[in-house]
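Take a look at the following structure, please.
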Amino acid sequence: MRNVILRVKERFVSISVIFVTAIFLTVFLLVEDELSFTVLMLVGGGLFYFVKRRDCFKEVIVFARQSRYGFLICIFLALLTVLIILRNEHFALFMIASVALYSTVCFGLTIQLGYAGLTNFAGAAFFGVGGYAIAVLSSENFPDILSVLTGGFMAALVGSVLILPILRTRGHYAALVTIAFALLFKTFLELNDTLGGPQGLKISSMNMFGWDFGKSFFGGSFYLNYVLFSLLVMVSIFTLTRLLEKSWIGLHWDALRIDEISSASFGINISSWKILAFTLGNFFIGLSGALYAKMLGHIAPTNFTFGDSLILISIVILGGIGNPWGVIPAAFLIIVLPEKLQFIQEYRLLLFALLVILVLLYRPDGLFKKALRSFYRGWGKV
Amino acid sequence: MGNSLLNSQGLTVKFGGLTALSDLNFSLEKGELLGLIGPNGSGKTTCFNTITGIYRQAAGTTSLLGKDITGFTPQQIYKCGITRTFQRLRLAVALSVFDNLLIGDSSSLNTNLFFNLFQRSKLKQEIEKKINKVKKIISVFNPALVDKLYEPVSKLSMIDRRRIEVCRALISDPKVLLLDEPSAGMTQEETRDFMNDLHEIKTKSPDLGIILIEHEMNVIESVTDRCIVLSYGKKISEGSFKDVSRNPSVRTAYLGED
Amino acid sequence: MLLGSLDQYLINGLVLGVIYAMVAVGFTLFFGVLNVIKFSHGDVLMAGAFAALIAYISLQNFVSISIWMMVVITTTFAFAAMALFGAIVARFLVLPLRGAPPLNTLLITLMLGLAVREAVRLFYPNGSNPKPFPKLLPDTDIFIFGLEIRHDSLIIIFGGLAAICFLHLLIKKTRLGLSIQAVAQDSETARLMGINFQKIVLGTFALGSGLAALAGVLNGLYYNEINFSMGLLLGVVGFSSAVVGGLGSILGAIIGGFLFALLQTIGAIWFEVPAYKDVFAFVVIIAVMAWRPTGLLAETKSDRV
Amino acid sequence: MCNFGSIDNKARSAYADRDSPVKMTPFVGGENMLNRGFLIFSFCLLVVGCSSEDGSAVKIGFIGPLTGGVSANGIGGRNSVDLAIKLANADVTKQYKYQLVALDDECKPNIGIQVATKAAADSSILGAVAHYCSAVAVGTVDVFHKFAMPMIVWGAVLPKITYGNDYPEVHRVNGTMINQNDVAAKFMVDLGYKTWAIIHDTTDYGKGHDKYFTESLEKYGGIVLGRFGVTADQQDFNAELTKIKALEPDVIYFGGITPIGVRVRTQMDRLNIPAIFQGTSGIISDAYIEGAGTLAEGTLAFREGDSAERLPGGKMFLAEYDRNNYSSPPEAYGPFAFAAANLLIDAIESEGPDRKKITSYLNKVRNYNSVIGKITFDENGQNMVPLITRFVVQDGKWKIWEMSEYADNIRSLNRQNPK
């Protein structure tokens, strides 16, 4: 016990930074009107500047490197605090779950774009495939947990239609293939009445192994169910994504992304690695699409337009291409910020666009640049 | 010549109407260092690209130890034991030295999805084995590089980058090594170091056949056993460097005299 | 019954093709010099059309001039305004991101497009509604080879083609054009040879954006209606045309533009529900990309090993 | 929201402990600074957390598209609700002060569900005037039901929104597209037209109109020569219109909203199509007339409810709207949003700030006088609009048919000699 206290004292700065950030985000999720928002932004900006000048972020990174479990426990406790404060705030919880699911989608895109270098401008389409798969299956009384997985499989399957053109093209040409797919996907859904046409489909709420997501969770909001499950999915897929990166597979993807010709000259089978990245990425995207659809309870073609695919790509770029760590704050920014700007109503998209432009000018490589690969803990220490 | 290591007969490559390589015959013996020289645009790199399967030949055959490898993909060629370096370095500069070298050894890596994701301790053992292997190879060239194993290639000097590229080609224990102008961009001193490296390679692996494209004639003179001179895609001379350099048609080709 | 309307389809297809080609040429130009995709291009087109409208309205209130003079002045104004805008964008948004991954340029121009679109919607009086664009061209019919064609369609087709040809000549024959080509081929060498890289990039962006404004004006003259979201689809179609034709080639962009117009027209005639025409066009585009991975006219730059 | 205090105190006491000397000093300076920063921060958090609570005001939500393609309608609706609230606040007889919370649904179902959750989960918002886009409303009714929030649809016309469920919370002041199209079909057949070509967008709005108009038309004996589904962001309709020209219909029926309505009408002229242009409620907007210019003349369209300018309350609404200098017009559904907001305000005045009571008040609304005529909700919360108003464009204005020169045969819809 004494040991724990000593350790906490040792890491005091890092721990406070983590908790202050958590509480800041909580308040951020709760503020509504422009005055509080502006004050909060000013406070946040000042605090950020202050923490950055004292190099406290480095402190946190050192903490994360040196005692992984302590760091994880700390993050977990911070998250728990946030969830306890927000236990009855339906909307804030809804936004947290959305951020978690959008992040999960973007891990899939990170595998495609950041690791294997495949530009996928049809992310929202595969997101939608997952959603539609689960919509059809839940009306058939299929077990929900299997439906979620099927959503992923369906997305991977539909994606296989594009594999041939994607393998043959590169760069902007490959981008066009997926753009074309994204555009035709939405129109196709609208025109075909078998899948609900433009009105879309209704979906029952999630229920697995007797865990009814539609009911209040220990006296809190029913959205807590979704938050917990989405966070679980996000953490698992994040871990998988990182493990992929820190393995021979990630190495192969990096090699072929950077230089196809030299990779081919060293025996790397470009096509099969690209297929793996594309399929796996789409699987993750479809999976979270299915979950998102369950949470929304209703999906329609206009949720999955080309514009939505661009939002997904924006998250990946803004976070720093190829860095799953960057995805989460970027998703938070892209998903929650427009929502927080509701008080300026019709001006919010304009301001949002300008803010993103500023971020990119200030940090041309995205928020966090991808770091060198470390295969396991203690990598590179002699 | 049936038993030679690498043997090409009638190699012809065309780009549209342009014949980049026409009817090239050559062979490489075990342990031999063959120089491939000729003016710019004479088809040397094209020859490498064709052997390694990046370009398709219009005619001709290539065989490795008597086995026909004509029309193989780059991946198959690599698996047969032919590796190369590139004239303009093709290292992944954003990746670490270790990563770059392991790309050269990709076929020996266990890429099973389950193994990579869930058998992490076994993977760690494999990685540690690879670290030792990599260290052994680079210390042959420059022991100082061992300390830079975890640094990005972008932080290395030109000669170290060249060394890494050669190591990447050597790590899979190839039978044939194709070196495309390794001295490009090096200082004279670095070039001298590099020649020593070449000698080192030859003593370490006596059976390895090497083809070297080079513009620095003193490099060619001091390291090659035999030379082939190309001009406009045709072989115009073959023999030891002394013989070749006396050949008047070679002089014409280089100096552009008629 | 269909055959009787063939001339109509043909003329409309040609107009569409010309407008698409003009947008596509812009994409090809930007890609040529900087290897970037500028996603705000469609919105620049829209802004160009609105600039022309503003010029028209303000002129109409103050002076009375002939209608042809009006066409010339409004078009020039739109061209100049968007050329300036294009240069500013290149200077402050595109060039600073040269070292970053190319997708970041895509994102920043995408956001710029959104900003331009929203700005027009919010700050142009009643901008969220469609605006009538003045009918400046004669709408009388003439007969050519037995085809009934309206004068304005003809003027738009030839005007657009002339603009593209003019651009082609500019690039092939003038000093500026040669410099653009040099930069497009190898920016490092071009810089070493004393070409002012930044100036050329700004010039190219100005030129491409001006061309987009021109396309916007022609679009307005043809449909007599413009709206703030018109650039969205035109931008995507223009990009698709440029890529299908083969990026970096002006002829490719033209072919791509006309191909797209052709596919849409065929789709609209063929399908019971015309909305399928876009699905059809994009399926064909995907198939074409699988068949010719670097566009119909393959890129001339080969990957040097 | 003020419950952060306890956490802050805990954190503060943690800092107080820290003052006792412990090993490791390099960050002490940083900590002191951090300490102070943290205190300031916690204070600000408290200020922010508590300032957003405004005790006295009663909140009413408005949801509609404020950005994107159909934002004109959304902004018109928002302004109308804003006007209703301003008028209520100026009225001394009202017990409560009202406050508007306007939210943008971008006309997208997922964003709609997001903002509906936001409004419905906020217990200080008592009711919502929500949705112009049908696809959004279909998705959000579940949310409103789940949170038991009374809501009144002000513009979405899909029948399913009210008839597809039995949620007591869901109401709608405007009629559905069924009533609208039935009247439209009968009226047009009675005028003597026989053949139609239908252009509709492929959104739920356009597809629904296509379906119900066709059904009614068959009932009254009209013939549909061809139907053309087009995407909502399409710019060029020449190919479709060329086909239609060959069919030679008497009337082109357009099921869609203003922006593409303007495009179809202008491009009809380009192809010299002499047919009558008949639209739906979606094109009854000043923007249609502005966009189509003189070509708008003689366009017909139909809308549920009485016309604002024919009713005394409606005239008052239009006058007040003008007086408040909103930057954009109320558009076709502004009066509906205004009426819905007034209904909600009256419910709150009578029942107090209690969602359940407001809901049951709304369900009992019969013959309520509003700017759009009398409102009576049926058991599904649907206003049983007895009246469909027919409109025609005359001299750059939407005129009620009966008051137009067309009805008196002074003008004719048929263009005698189209050029």
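In order of appearance the chains are A, B, C and D, and numbering begins at 1 in each one.
As a working rule, contacts are C-beta pairs under 8 Å (C-beta built on N, C-alpha and C of every residue); 3 or more make two chains touch, one makes a residue touch a chain.
The structure presented is a predicted model; accordingly, all values stated were derived computationally and were not measured.
Peer 1: Which contact partners do subunit C and subunit D have in common?
Peer 2: In this structure, the chains that contact subunit D and also subunit C are A.
Peer 1: Taking each chain's centre as the mean of its Cα atoms, which chain lies farthest from subunit B?
Peer 2: D
Peer 1: Find me the chain with the mean Cα position closest to the mean of all the protein Cα atoms on display.
Peer 2: Chain A is the most central one.
Peer 1: Considering only C-beta pairs in contact, identify the chain pair with the most of them.
Peer 2: A-D
Peer 1: Mind checking the centre-to-centre distance between subunit B and subunit D? Centres are C-alpha means, answer in whole Å.
Peer 2: Chain centres of subunit B and subunit D, defined by C-alpha means, are spaced 70 Å apart.
Peer 1: Determine the centre-to-centre distance between subunit A and subunit C, using the mean Cα coordinates as centres, and give it in whole Å.
Peer 2: The mean C-alpha positions of subunit A and subunit C differ by 35 Å.
Peer 1: What whole-Å value do you get for the distance between subunit B and subunit C if each is reduced to the mean of its CA atoms?
Peer 2: Distance between chain centres: 47 Å.
Peer 1: Give, as an integer number of Å, the spacing between the C-alpha centres of subunit B and subunit A.
Peer 2: 43
Peer 1: Which positions in subunit C are in touch with at least two other chains?
Peer 2: If we look for residues of subunit C contacting two or more partner chains, we find 118, 273, 275, 278, 305.
Peer 1: For subunit B, what residues touch not just one other chain but two or more?
Peer 2: If we look for residues of subunit B contacting two or more partner chains, we find 54, 86.
Peer 1: Which subunit D residues sit where two or more other chains touch them?
Peer 2: Each of 67, 71, 75, 202, 229, 231 in subunit D touches at least two other chains.
Peer 1: Under the stated contact criterion, what part of subunit A meets subunit B in this complex?
Peer 2: Contact set of subunit A toward subunit B: 240, 243-244, 247-249, 251-252, 254-255, 258-259, 261-269, 276, 372-373, 375-376, 379-380, 382.
Peer 1: Per the contact definition, I'd like the list of subunit B residues that touch subunit A in the complex.
Peer 2: So the residues of subunit B in touch with subunit A come to 52, 54, 73-75, 77-79, 83-84, 86, 90-92, 94-96, 99, 102-104, 106-107, 109-111, 113, 116-117, 120, 123-124, 127, 147, 149-150, 152, 168, 172.
Peer 1: Using the touch definition up top, name the residues of subunit D that touch subunit C in the complex.
Peer 2: Within the complex, subunit D touches subunit C at residues 67-69, 71-72, 75, 202, 228-231, 233-236, 238-240, 242-243, 245-246, 258-259, 262-263, 266-267, 270-271, 285-287, 290-293, 327-329.
Peer 1: Enumerate the contact residues on subunit A facing subunit C in the complex.
Peer 2: For this pair, the touching residues of subunit A are 113, 119, 162, 164-165, 168-170, 172-173, 175-177, 179-181, 183-184, 187-188, 190-191, 261, 306, 310, 313-314, 317-318, 321, 346-347, 349-350, 352-354, 356-357, 360-361, 364-366.
Peer 1: Would you mind writing out the residues of subunit C in touch with subunit D in their complex?
Peer 2: 1-2, 4-5, 8-9, 12, 16, 118, 121, 126, 128-132, 139, 150, 219, 223-225, 227, 229-230, 232-234, 264-265, 268-269, 273-275, 277-278
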